[in-house]
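Note sheet for the following structure.
Per-chain residue numbering starts at 1, and chain names A, B, C and D are given in the order in which the chains are listed.
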Amino acid sequence: MIRVGVLGARGRMGAEVCRAVEAADGLELVAAIDQGDALDELTKAGAEVAVDFTHPDVVMDNLRFLVENGVHAVVGTTGFDASRLETVRSWQAATPGAKVLIAPNFGIGAVLMMNFAAKAAPFFESVEIVELHHPNKADAPSGTARRTAELVAAARAEAGAGASPDATSQEIPGARGADVEGVRVHAVRLSGLIAHQEVLLGGHGETFTIRHDSMNRESFMPGVVLGVRRVADLPGPLTVGIESLLGL
Amino acid sequence: MIRVGVLGARGRMGAEVCRAVEAADGLELVAAIDQGDALDELTKAGAEVAVDFTHPDVVMDNLRFLVENGVHAVVGTTGFDASRLETVRSWQAATPGAKVLIAPNFGIGAVLMMNFAAKAAPFFESVEIVELHHPNKADAPSGTARRTAELVAAARAEAGAGASPDATSQEIPGARGADVEGVRVHAVRLSGLIAHQEVLLGGHGETFTIRHDSMNRESFMPGVVLGVRRVADLPGPLTVGIESLLGL
Amino acid sequence: MIRVGVLGARGRMGAEVCRAVEAADGLELVAAIDQGDALDELTKAGAEVAVDFTHPDVVMDNLRFLVENGVHAVVGTTGFDASRLETVRSWQAATPGAKVLIAPNFGIGAVLMMNFAAKAAPFFESVEIVELHHPNKADAPSGTARRTAELVAAARAEAGAGASPDATSQEIPGARGADVEGVRVHAVRLSGLIAHQEVLLGGHGETFTIRHDSMNRESFMPGVVLGVRRVADLPGPLTVGIESLLGL
Amino acid sequence: MIRVGVLGARGRMGAEVCRAVEAADGLELVAAIDQGDALDELTKAGAEVAVDFTHPDVVMDNLRFLVENGVHAVVGTTGFDASRLETVRSWQAATPGAKVLIAPNFGIGAVLMMNFAAKAAPFFESVEIVELHHPNKADAPSGTARRTAELVAAARAEAGAGASPDATSQEIPGARGADVEGVRVHAVRLSGLIAHQEVLLGGHGETFTIRHDSMNRESFMPGVVLGVRRVADLPGPLTVGIESLLGL
């Protein structure tokens, strides 16, 4: 049984994490902490792993406490840049023992999609991305689609793959989508949809499609639970992203 | 056995029609005519139906001959406007008997897609179109996609349906596609593809998708063969489009 | 403003109907009735249309009351056979005025899918159905898939279309799906899915696909609201199915 | 410029290989050999790499010649078991220098699909496979689908993943597909299709789909060309499968 504490337990994501930990075999929720609670409730409860979905303003204080007290950390809070990561590493050097996993995205499906797309991209002449979301979304294309396009473009550049062929000479403006580092990205907005993305790759006589459909935020939980289970056994003190947990 | 003649028999489409007529149960190819051949080879061969895939410059002369000689006509040649149709009707009034079917598109799948999309469009909050073609295509979006968008927009306007909801406030130019009469149309160009189109409709808690994949020009032949079989029994002297043959 | 009453208002579907009526422009919920409430609350509240999602045991009593009191009825309760329909017609003959719309399925997407599939089926050599649902579903294939297959088979039989070609001579049992009146139906059960169906049609060089994705029971509500709006103007006293409201 | 010879050059696949080599940048076709031709035409022409799409009866003689003459080999001929591979290794030990790449499948898309499916399979509750082919295919499911199911099943077993959930208690025989090592596989046969496969994975609130569409045997050629380009630089003397060339 892994003893788990949750920081930010009354937030939207934190509450989901509490439910997921309670439902997972082999995990036990021993502390659910939020603003106003003392951090040492975690250590008093004997937490071995803490999950942090709080706020960029408080996450560094939380992490310092966890590292100093030997509690492994699984962090979904955003806002980590190179300097913050360096600070975390310095704490870990001073008081070794606690492993830290920080991931900008715990969605296993989304991470697999991006990784597979980048792996496959050098082997096909053409790549385009179609993302499809509910019509209340403010940005087009989605952050995940932009990130996928960047990864695809980098993988193609590294492999020396050329631009996707395109003979379009007559276009109604916008028909060919947005250009994100040379990759065309199309954003569909449709009532009834939630969050979906397709990466389309094509070469002579064949096409290859990777599609991810996400119905709700619950879909981040398997990635968080996986992180809780594996964080203690990660090879280095600090791991960024869940790719290595997925064997990618 | 229906005795069939083909005009434009050595052209790309005409040659396909000859093959399709020969392969179809109940049809017999009795004349294959092209530039330089005399039109009365058709009547000498006893053709009951003639298929015309020729050129706008010669199709009217062909049609006058067919109508005057009582040969039913199935016409895929383009360039018919209201005035040309009126002329054909006047010939049919003078010498009744020959039925004429003129269709801008003999692709059964494409015609079904456009018709179903227009029928369904008033009942969903959102409609968008994604068309996907090989990368050698010059125009984006495709003519079929533009025509579908126009039909969808007209059906929605007639039913009093409002605009598809869209909260996009931050867009990389082109991400949301081309605007064709208020319908967003996205054009994917991908090596390995041929000619494909999806119409996506969505409302509260459901989406509805109509997709057509066309692998080659052979796919127009079932529509031509259907036209040949049914032209003699069409209710009026002149029919435009194959919709009525499809029970639409 | 159409004044609407709901029978079975505390049931799962009835409660959804109450919410949908309250949210719909031009409709006003004036009575929400369930077991134990008196039916004349409807008439006292001045309901012009009543929606019935109750139980086969009580729906006939409800309908007789509605017809006798001149309240139009929109009925989603199941269990109507030819004899029950005849009884309703006899009540309407005795006291004309109230229109009755009885539909086994108010899902606009599902009804469009079945109707379009049957319309298209005679024009393609091959038809198969793939339905995809959450893994807690007890029956395979789904009722909607079976019904679609029956409608497709009937349409093909009427048009004289032959069996879909299939050269399979070596099969791991079940690979080719279930045979429903000559139409192959495949049932996928997958965690993360809700209720989805694809009808695949194919001929020489082209395929045509109709897909419906239903995320929740909310998706029946637009059909119920449409019924409420149109029931008073239906041509005959008794209408079965929402097809005619969809212009099909 | 890599100098390339083709063995089995007049066969269906061999002829495609000749065309692909001639069309590829940096490759030169210097010998096209088939039954009746002397193998030393290869060495006389100065071939550095030979591609073998011949027959299990002759491929071992070809390989011995290539290894003894220091010509790298890219082999698509089938029929290699452990004993044949051991024999090839012994030849390479005796006269080192020539690298050998033997692959049961040169389709980059198919290999990526199988590899990605196996990688993703442990992280989702459910996996099913739908393969879709033209109706003249004799076996159902396809060899690729069976192989994919085996790889998926092995990956799940190794990761300790349980069976995909399935509450089906009432089934029309075949609806739930074929059982291939615990993975459900559905085979669609449809006029207009060529060779297609979807691997569907699903967990709480999300689904993940990998799809491969293959339009013709041309789609094996990029894999063969990749093999020709990379064979000389492969780490070991004998490599089985193109996975390592794809960075998988």
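By our rule, a residue touches a chain if its C-beta (ideal position, glycine included) is under 8 Å from a C-beta of that chain, and two chains touch if they have at least 3 such contacts.
Note that the coordinates shown come from a computational prediction; the quantities given were computed from them, not determined experimentally.
Asker: Which chain has its C-alpha centroid farthest away from the centroid of subunit A?
Answerer: Result for max centroid distance from subunit A is chain B.
Asker: Given the two chain pairs A-C and C-D, which is bridged by the higher number of C-beta pairs in contact?
Answerer: Higher contact count goes to C-D.
Asker: With chain centres taken as the means of their Cα atoms, state the distance from subunit B to subunit C in Å.
Answerer: It comes to 33 Å between the two C-alpha centres.
Asker: Where the CA atoms of subunit A average out and where those of subunit C average out, how many Å apart are those spots?
Answerer: Using C-alpha averages as centres, the distance is 41 Å.
Asker: Would you kindly tell me how far, in whole Å, the mean C-alpha position of subunit D lies from that of subunit C?
Answerer: Centre-to-centre distance between subunit C and subunit D: 47 Å.
Asker: Which positions in subunit D are in touch with at least two other chains?
Answerer: Only 124, 192, 203-207, 213, 215, 219 qualify.
Asker: Tell me, which parts of subunit C touch subunit B in their complex?
Answerer: Listed in rising order, the residues of subunit C that touch subunit B are 107-109, 112-113, 116, 119-120, 123-124, 203-219, 221-222, 226, 246-248.
Asker: So in the complex, the part of subunit A that touches subunit C is made up of which residues?
Answerer: Counting only subunit A, the residues touching subunit C are 192, 194, 213, 215, 219.
Asker: Which of the residues in subunit D come into contact with subunit C in the complex?
Answerer: My answer: residues 124-126, 128, 130, 132, 135-141, 146, 164-180, 184-193, 200-207.
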